[in-house]
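Every chain is named by a letter (A, B, C and D) in the order it is written, and numbering of its residues begins at 1.
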Amino acid sequence: MESLTFEYQGGRPLASAPPATLVGVVSSGNLEVLVEPTDLGGACRIEVLTAAVGFGAIWQAVLDDFFDRHRIADVRISINDVGATPAVVSLRLDQALEALTGGQP
Amino acid sequence: MHDWDLQARNRKARLERAAPVSKGKVVATADARALLEAVIEPGDRVCLEGNNQKQADFLAKTLASLDPGRVHDLHMVQSVLALPEHLDIFERGIATRLDFSFSGPQGARLAKLVGAGQIAIGAIHTYLELFGRYFVDLTPRVSLVVAQAADAAGNLYTGPNTEDTPVIVEATAFKRGIVIAQVNEIIDTVPRVDIPGDWVDFVVQSPSPHYIEPLFTRDPAQISEIQVLMAMMAIKGIYAEYEVNRLNHGIGFDTAAIELLLPTYAESLGLKGKICRHWALNPHPALIPAIESGFVESVHSFGSEMGMEAYIQARPDVFFTGPDGSMRSNRALCQAAGHYACDLFIGSTLQIDLAGNSSTATLGRIAGFGGAPNMGADARGRRHASPAWLKAGREARSGRNVIPRGQKLVIQMVETFREHMQPAFVERLDAWELAESAGMALPPVMIYGEDVSHVLTEEGIANLLLCRTDEEREQAIRGVAGYTPVGLARDKRMVENLRDRGVIRRAEDLGIDKRLATRDLLAAHSIKDLVRASGGLYDPPKRFRNW
Amino acid sequence: MDAKTLLERLFPGGCDVAFDDVYFSGTGQCNNTDVAVLGTVDNTPIGIELAYRMAGEVLDVVRNHPGRPILLLVDTQGQRLSHRDELLGINGYMAHLAKCIDLARRNGHRILGLVYSHAVSGGFLASSMLADTCYALPDAEIRVMNLPAMARVTKIPLERLTELSTASPVFAPGVGNYLRMGAIEALWEGDLADCLAKALAAPVAGDRRRAFGEERQGRLLARPVADRVRHDAV
Amino acid sequence: MRHSYYEDSARERLLGLLDEGSFREILPPTERVVSPHLRQLDTPAAFDDGIIVGKGTLDGHSVLVAAQEGGFMGGAVGEVHGAKLTGLLERALDERPAAVLLLVESGGVRLHEANAGLIAVSEVMRAVLAVRAAGVPVIVLNGGQYGCFGGMGIVSRLCDAIVMSEEGRLGLSGPEVIETTHGVEEFDSRDRALVWRTVGGKHRYLLGEATVLVDDDLAAFRAAALSLIGSTPDLGLEAMEAEHARLGERLRRFGDCRDALDVWERLGIAEPERLPILDTETFLATVSDKRA
């Protein structure tokens, strides 16, 4: 198991503060993503707990791109991962944001 | 005076030695061993039938049980090393030399035996190459083949799994060799004659029906949403744009996803009747919904697939069937069809390098090639035109002062990471190391980069036809390699430039909403859905059922 | 301890218990009160016939001897593992036994369980664990799975499991672990007749195992989590 | 269009089953009440420990619901997971909803915390019976990919009714466990047709263990649950004696059967080998007067 934390600045706060949302399942090749609007002083914080050790650089790249796509602030994202591929991670993150904002930017 | 009839006299001597154990052409099951010891001579070139579907398993077992003191130094020529007995023959010292095409399940053991010096490999071929050499310099002296049934005159009925039998028997029988067939039953009249009796010397009933592997069945339940997305890109970004109507699909969940999206997604794009009408393909159960919805006009097959018999029989307008109603397959002819008459091949692989070369080789395993290289190669001898072929050719030649010609579409479809986070894109194929460690003349490349027209991943489609330099080609591949080390090392500006030029196209560039890429798009979600789509005609093997 | 010795020590004044292969049932006397006894011997697997038979015995006590306490003395290696038991719905037979024991409880029968030899998984779940209170002899064995098998299934190294099991009661076999986690009320030692008498006299108030687990520091989350789910406002 | 219950996650099932917007989760993932034991064994935890519990409405009727997530450790019961289920059932004693719905999907006890899981299942069993004794029906829905085995297989049969699809499986010991212990001759776990005709929904329905058999369709599960929430639990002596008689009759009638096909033939079903492939509607029509 490996624990990784990433923090991004410069995003925009959400229009409203929607309730927290969870997508995905903690199963082999999959992950769960919990997204919670919360006051982080304008930051977006992503905490990853993963069963696959040694992929920090790939997480960094995947999450950089995710943040570039959505540029959110004051959101805490928590991930429990069981070796999902970057494609699945990106998909779940996008789904979680979609579920959180109901498709509104 | 030169003697021009040595082969025929040798054949006669062999037949005479076998006379005591045969009644006409029929040999009792218990006498199979005696028969082989009578007709096979040390040093013979022996062809043992068995592809990745049906197996002459009883004759393989019998051959492996012979006394190496009497039968030895055989040169085996065969399509596939599938059964443990195929290697027992070498381990026991009965055979020493091998020419073959594919060894999937036995690849690791094969590598060990080669390493130990117990097998000398002549060459690893594609199916068509190997079949070709049966008529040039690898003609079998004795062939051990397999059929569903025989009559007393030796006429063989193969049922839907004709596969390699005709090409093996033709090469052997017309060069004075000996043909022995194992059959499930000996009956008075065969339902149809797949191999004429006067090409066959002996028939033996096997103690149990021959083994067939259901190799082409993919359970729709295991198709992922990523594979659905990739299938959407294949249909919209390639099949529709090139108007692909004649094609072959590799085996895999990626291609099964495409088959299952035809009646739903492709239909919604108005593509019925415009794409995917003619196939060189085994009867994939995943194709049933597309057939039922009227997408598919014809399918010719290398072999059959377990459980599809009744469905095929009920759809004679689509499949090639005999007067008895059951399918007639033929691997050699379908391989030729796939190579020359198809506009597109799409399949998966394990590794792709920066030039687009792909390989399924892994260290410690000698896997071979099978049919993919013939499907996945531009047919340089092709002369007839089609819209897809012409468009691909135009793209490859635009801006160059060369005479116009067409080109085949060869698509490598892979997720950037395989399971356990193994990257599909690599700087250097493992095939190089394998070649060095196994003393091969060349690294075993499945599909050469120069033949690949597109690389499709969940990140998008790289159209290699439009690349003008090796550097562009490399960046186009890096550009769809996602978060693999190869992908992360891309030149971002160059990749964006390639995207602007349409060399790289992402899902959004194709107008595909990724949110729609869910399993809901699949025309069947389970094997049971396939059974229902077939009107109850498809009868899947037990292991694929959940009812 | 074998069942006959056990019965002699539980009922020094004698008891009327009939053995039939691995099954036994009857009555014993404790302070002039009749106690229904049923159980198994020889570390037996509980299949559908045995579960059915025990359920019938419990129903018989409820029908014919209102209020009579029931003492469960089940020695089992767990449910019987067979295709035929699954075919006929062994889970339903186990559930039926559990329902019958619960019926007896609701009809005023005191239900006691005593693990005197082995108690494993399904066989334990459907019998003694349904008792008002369950006790054990100190040298009895209670488990779901032994550690080597657990290591195979979970793919966690055996050394790691063995090491952790010295500190955590949560997965390793052992009566002590079940005591700490609250599933075993107490260990019976010394005068077993006296233990039985005291247990029959003790008051009962619902399922207290979570509270014991928390008090004994063996199972810290079950009680607060269940309480929160029961009472949190939503 | 059908919406597959089998393919959905527990969360999707639960949201799709209840009236839209009515679900309120208790101890939601944001509370992060995770299993401490998994972390200790270097195994990933889930924020809801693989079970979602809460309240909502079903066609306006107030219900308490729990859904097990088979994808997470096979839906197995650990300390937190089990305590959430027990707590929810006990909540029914206070709130008296129209019913408690259990969307089961579980391999049984979670081995990583085996003792805690076993005790937890026993607490769930006691709680189910307490809720029923208080007059609140407990209804099981079983149609997930991982089936329902082990302790949860027993729990299911303690409830008022079981709704199954033919894809659902219900048993005690999983086929793999039996094969590992007694060999492939006893139970070939890879023979999926054998597995399903032994523990699958159709056989369970024919034996009378599943109350209702539905298509693998979320709406069909919802309709079946709705049809059952009015039932009145009966745990009295006569009811138990009647159940005892039924189970005894099953033993007498089918005790020597070696395969589900023997059972079905004995039930008087013509061409029993055809049953597995029939769609639900045809199956129900074929067996309507033949159930045990």
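Definition applied: a contact is a pair of C-beta atoms (placed from the backbone, for glycine too) under 8 Å apart; a residue touches a chain by one contact, two chains touch by 3 or more.
Just so it is clear, the structure is predicted and the values come from calculations on it, not from any experiment.
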| item | value |
| --- | --- |
| Higher-contact pair (C-beta pairs counted), A-D versus B-D | A-D |
| Centre-most chain, if every chain is reduced to its averaged C-alpha atoms | D |
| From chain D, the most remote chain by mean C-alpha position | B |
| Approximate Å spacing (C-alpha centroids) for the pair chain A, chain D | 33 |
| Chain A and chain C: spacing of chain centres that average the CA atoms, whole Å | 46 |
| Mean-CA-position distance for chain D and chain B (Å) | 43 |
| Gap in Å, rounded to a whole number, between the CA centres of chain B and chain A | 42 |
| Chain C: positions in contact with at least two other chains | none |
| Junction residues of chain A - those touching two or more other chains | none |
| Junction residues of chain D, two or more chains touched | 42-43 |
| Contact graph of the chains (line, ring, star, complete, other) | other |
| Chain A residues touching chain B - in the complex, by the definition given at the top | 29, 52, 55, 57-58, 61-62, 83, 85-88, 91, 94-95, 98 |
| Touch list for chain D against partner chain B, complex | 4, 6-7, 166-167, 190-196, 200, 202, 276-277, 279 |
| Residues of chain D that touch chain C when the two form their complex | 24-27, 33, 36-37, 40-43, 53-55, 79-80, 82-84, 86-88, 90-91, 94, 109, 111-123, 125-127, 129, 133, 150-151, 153-158, 170-173, 175, 177-178, 181-182, 186-187, 198-199, 203-204, 207, 209, 235-237, 240-241, 243-244, 247-248, 250-251, 254-255, 257-260, 263 |
| For the chain B and chain A complex, residues of the former touching the latter | 224-226, 415-417, 419-421, 458-459, 482-483, 488, 514-515 |
| Touch list for chain B against partner chain D, complex | 221, 519, 525-526, 531-532, 536, 542-547 |
